[in-house]
Amino acid sequence: MNRIRTATVLTHRRPDETAEAIGLLLGLARQSGVVLRLDLEETRKHGLEPGPGLELDAEVRLDVDICFAMGGDGTILSALRIYAGTSVPVFAINFGQIGFLATIDREEITDGLTRGFAGDFEVLALPGIEVTGAGKGRWLAVNDASMHRQPGKRVADLMYSVGPDEVGRVRCDGLVVATPAGSTGYNLANGGPVMAWGVEGYVVSFIAPHSLTARALVVSPHDTLRVNNCSLEEPVDVTVDGRPVCLLAAGEEIEVRFARGQSHLAQLPGTSFYKRLREKFGRLASP
Amino acid sequence: MNRIRTATVLTHRRPDETAEAIGLLLGLARQSGVVLRLDLEETRKHGLEPGPGLELDAEVRLDVDICFAMGGDGTILSALRIYAGTSVPVFAINFGQIGFLATIDREEITDGLTRGFAGDFEVLALPGIEVTGAGKGRWLAVNDASMHRQPGKRVADLMYSVGPDEVGRVRCDGLVVATPAGSTGYNLANGGPVMAWGVEGYVVSFIAPHSLTARALVVSPHDTLRVNNCSLEEPVDVTVDGRPVCLLAAGEEIEVRFARGQSHLAQLPGTSFYKRLREKFGRLASP
Amino acid sequence: MNRIRTATVLTHRRPDETAEAIGLLLGLARQSGVVLRLDLEETRKHGLEPGPGLELDAEVRLDVDICFAMGGDGTILSALRIYAGTSVPVFAINFGQIGFLATIDREEITDGLTRGFAGDFEVLALPGIEVTGAGKGRWLAVNDASMHRQPGKRVADLMYSVGPDEVGRVRCDGLVVATPAGSTGYNLANGGPVMAWGVEGYVVSFIAPHSLTARALVVSPHDTLRVNNCSLEEPVDVTVDGRPVCLLAAGEEIEVRFARGQSHLAQLPGTSFYKRLREKFGRLASP
Amino acid sequence: MNRIRTATVLTHRRPDETAEAIGLLLGLARQSGVVLRLDLEETRKHGLEPGPGLELDAEVRLDVDICFAMGGDGTILSALRIYAGTSVPVFAINFGQIGFLATIDREEITDGLTRGFAGDFEVLALPGIEVTGAGKGRWLAVNDASMHRQPGKRVADLMYSVGPDEVGRVRCDGLVVATPAGSTGYNLANGGPVMAWGVEGYVVSFIAPHSLTARALVVSPHDTLRVNNCSLEEPVDVTVDGRPVCLLAAGEEIEVRFARGQSHLAQLPGTSFYKRLREKFGRLASP
């Protein structure tokens, strides 16, 4: 059991879809004596007025007991990213199409939130991948990091190595490095494998590879992957969890490492990755 | 036999690689009484001086008897595009890595050019695909047309239809429509099939499709394909033979049609698509 | 309009599922003055008694005006095979899961059969592929021909050539050659492309290829494919439309040719391949 | 360093290819005071005569210090299987085409064997997968276990579950479960990912899946996979490391578990999985 006293609330950008859920959340918080914290944007989006157990226009704080995220995989990912590196669990309610990362679906919200406020859930620690680029910075990906050629430019020419060993050089639109949690997203779109959430390792796949021998590679968690932009002229874009973070000029490289236990996802007992996989895949299949 | 009197010469952007070949070409042209036409850029690139049988700083003319193209697939494609819609054959000498479209490899250049000037070759007519966008223009692709999401934006949401029938809707990085000649390029990188050059039809494949049911589709040459940008907000880039041609705003669509006999490629007797496939695929396989 | 006087009836092996439809068929036949012909097996399966407009325990005749097939793709395929090479249209009612080849679904049966007896339908001619094996025989495939290694034996080692040119040599579990109509079956399971029914050509794909460069190839309808069993010792099984037809010993080869207009499928106006594709693919996607 | 006193010798079935290597092995053994043990088949195959440091016509013993295996991946696999569950390292010399599992290539044999006899090598522990079938037995796979439909029979209908959760049901030719070491074999032929040797987990891929949503799945090493033959009638063959082990009747199921540290492969310092991957993939790519 987890003792819950303060909670951050994050919602996606269509407040009319989550209005009823916000009402429910406020009621349950009051009953449970939990203080809800909503930042400036959330406060305005939902037109909230001051009241007991509400901290409005609040700064994001990392010492809350839980974060409720209502939205699709994008919103849930944002919540996981904010609390990455802390032990704050993200309790996610799916308001999107797939909701692979969601704790509960919106149909289960009353029961689900009641359990959430009671601390009656399990916490699953998810690994991330750490990306560092020569002097450019350091980023943590919860789902994936990717590199892309720029539009209208030649195909990217990427060499990838693990430890001291070059593995291959691929002309392609780009490359995706995914965590197990991210494996069902961009990686899967490239023909990469689904990785169950307990697997230790991360996976590299290629976007539109011109090399016929380029195959998805599951890298050991102990090994560092380096990707070098071998183009003579053209930079590639580097993206972390779908957001651009830097350019990699011709000849530059990034390093990618596995990082254990970065994010924490609330899970109801009885759910499992495999069950989730079965349910969500039906939704990915619609024509 | 084809009677050759005038020829256009096009080369790629590294003139030192083609210098010897240009010398050979000039000599053979003089012997054969053929007038070579080189435009301003080619004239300067090779430092050519006026002489008999040479038209320098020349405008591109469509009534020549042949076009010699020296370079990789990009240069050959440019030549095919310039002479698309005419009956001028492109005689291509491979100075690139793969050279799928090349008439001869550089090792065969002396014999090859001698045959070229003598008109001793076959001509293979290649289909193109015609792309028209609502009020935006009309373009002919020799290899392929593609649509891409913009960098840092959400995945593209594309609906494709053939004739009156919607076939599918796919969230993806983009979509490629290729001719048989283009099928071994970007289409193959997406897992699309190789199409032999005599096949009547064109092929649609998807770049990083999130829909698990998206599969490459060979469309009948009699049918028109329409692709609609179903995104609520974001435009997609439209590219023809690798060059950006227009933006397709949310809700807009393009039409794609098969167009018979648009380009003409010189072929030495005894070559065939299948032989070429075998030779070139080895080069695509290098790690 | 097609004038209908005699009809063959074929059904799948679960007569209770088609009992109601058989009743409807008999009624409509009597009303329309059409003679129904059912062979010994069909007669017994449905417990039919002699009556006006019924030829029971009948030999299969190729000079009927139509063949009604009720079942899944297997039954429809059998009907198309029986009447391949004739102009008898197969009017197929889907009692299976996918029914890619069906004229109508079972929900549309009353309207559909009424149109069928009235001859109010279009006829779509489908190409086949002809398989000949060194001295072993000649077979026509409506959907596909395949070659497989034998269970517990080493992987097959197959060389494939088109015309005089070897294209590749692949170590694999087997190889599938499919018509456009067959492209959505076994070929698709191997990652081969969907081919619209108007496309002229046939497609080769590989079952579990160990060669990284093996890719699906759409062959021109003018070209003959040869597949050679390059194994030093082990035979491979040859299968046509899912039925074993012969063994190919080490060193032997088969030839495959495109054969236009072999089968004839009844189609209701307004249906199209692409519409069908959209409807049926949803059924292939269920987890 | 590993102290070497007794060694088993295993070679593939073409003794003329390994004759010179056997001569070298005998010489080095004599110099190093190591006793070589060869079984009846090996003794006859190489025409060996009794001599010092040779135990001919020997029973296989599991308490030797090393096993020298000369051959392709099949021979090396046999050696690993014989010594699975013990700590005896297999020192493998590649006489086959790919030799993914080999310690050294044949060109390095003199240096390599000298190091082998001196015990100057590292030992890499490889996981296996344990297969158990309802009352049928228990088998250990070093590379992979697979299930196949029988030739000429309908496609297999397999349901797979992990722990208590059904993941999917797939109509297919079969299914492959591979260890990391086996991932570059049959699994890769099915489009499964390459798994680096340090990755903890095992991978399921499908042979010619008719379900469009079937994707390769990397299972957590803590989870048990069950595969059920859902066919109403037809059995499927179960194969372990390429050898048939049992039939699974309609309705029956097998269980698969990850088993740590089952086999031990000798490795020269400086080699790595990724280096090996790069070298061997070139050989898999040849047309």
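Chains here go by letter, A, B, C and D, matching the order in which they are written, and residues are numbered from 1 within each.
By our rule, a contact is a pair of C-beta atoms (placed from the backbone, for glycine too) under 8 Å apart; a residue touches a chain by one contact, two chains touch by 3 or more.
Note that the structure is predicted; figures quoted are calculated from it, not measured.
Chemist: Note whether the interface between subunit A and subunit B is symmetric in residue numbering, meaning over half of all numbers used appear on both sides, and answer same or different.
Modeler: Shared-number fraction above one half, so same.
Chemist: Which chain's centre, taken as the mean of its Cα atoms, is farthest from the centre of subunit C?
Modeler: The chain lying farthest from subunit C is A.
Chemist: Indicate the whole-number Å distance between the mean C-alpha point of subunit A and the mean C-alpha point of subunit B.
Modeler: Here the centre of subunit B sits 40 Å away from the centre of subunit A.
Chemist: Rounded to a whole Å, what is the gap between the Cα centroids of subunit A and subunit C?
Modeler: Each chain's C-alpha centroid was found; their separation is 46 Å.
Chemist: Indicate the residues of subunit A shared as contacts by at least two other chains.
Modeler: 168, 188, 191, 212-213, 215, 278, 281-282, 284-287 - these are the residues of subunit A that touch more than one other chain.
Chemist: Work through the pairs of chains, note which ones touch, and then classify the graph as line, ring, star, complete or other.
Modeler: complete
Chemist: For subunit C, which residues are in contact with subunit A within the complex?
Modeler: Going by the criterion above, the answer is residues 212-213, 215, 278, 281-282, 285-287.
Chemist: Applying the document's contact rule, which stretches of subunit A touch subunit D when the two form their complex?
Modeler: Interface residues on subunit A, with respect to subunit D: 161-168, 180, 183, 188, 191-201, 203, 212-213, 215-223, 272-275, 277-278, 281-282, 284-285.
Chemist: Which residues of subunit D touch subunit C in the complex?
Modeler: 148, 150-152, 168-169, 172-173, 185-186, 188-191, 207-213, 237, 239, 243-244, 281, 284-287
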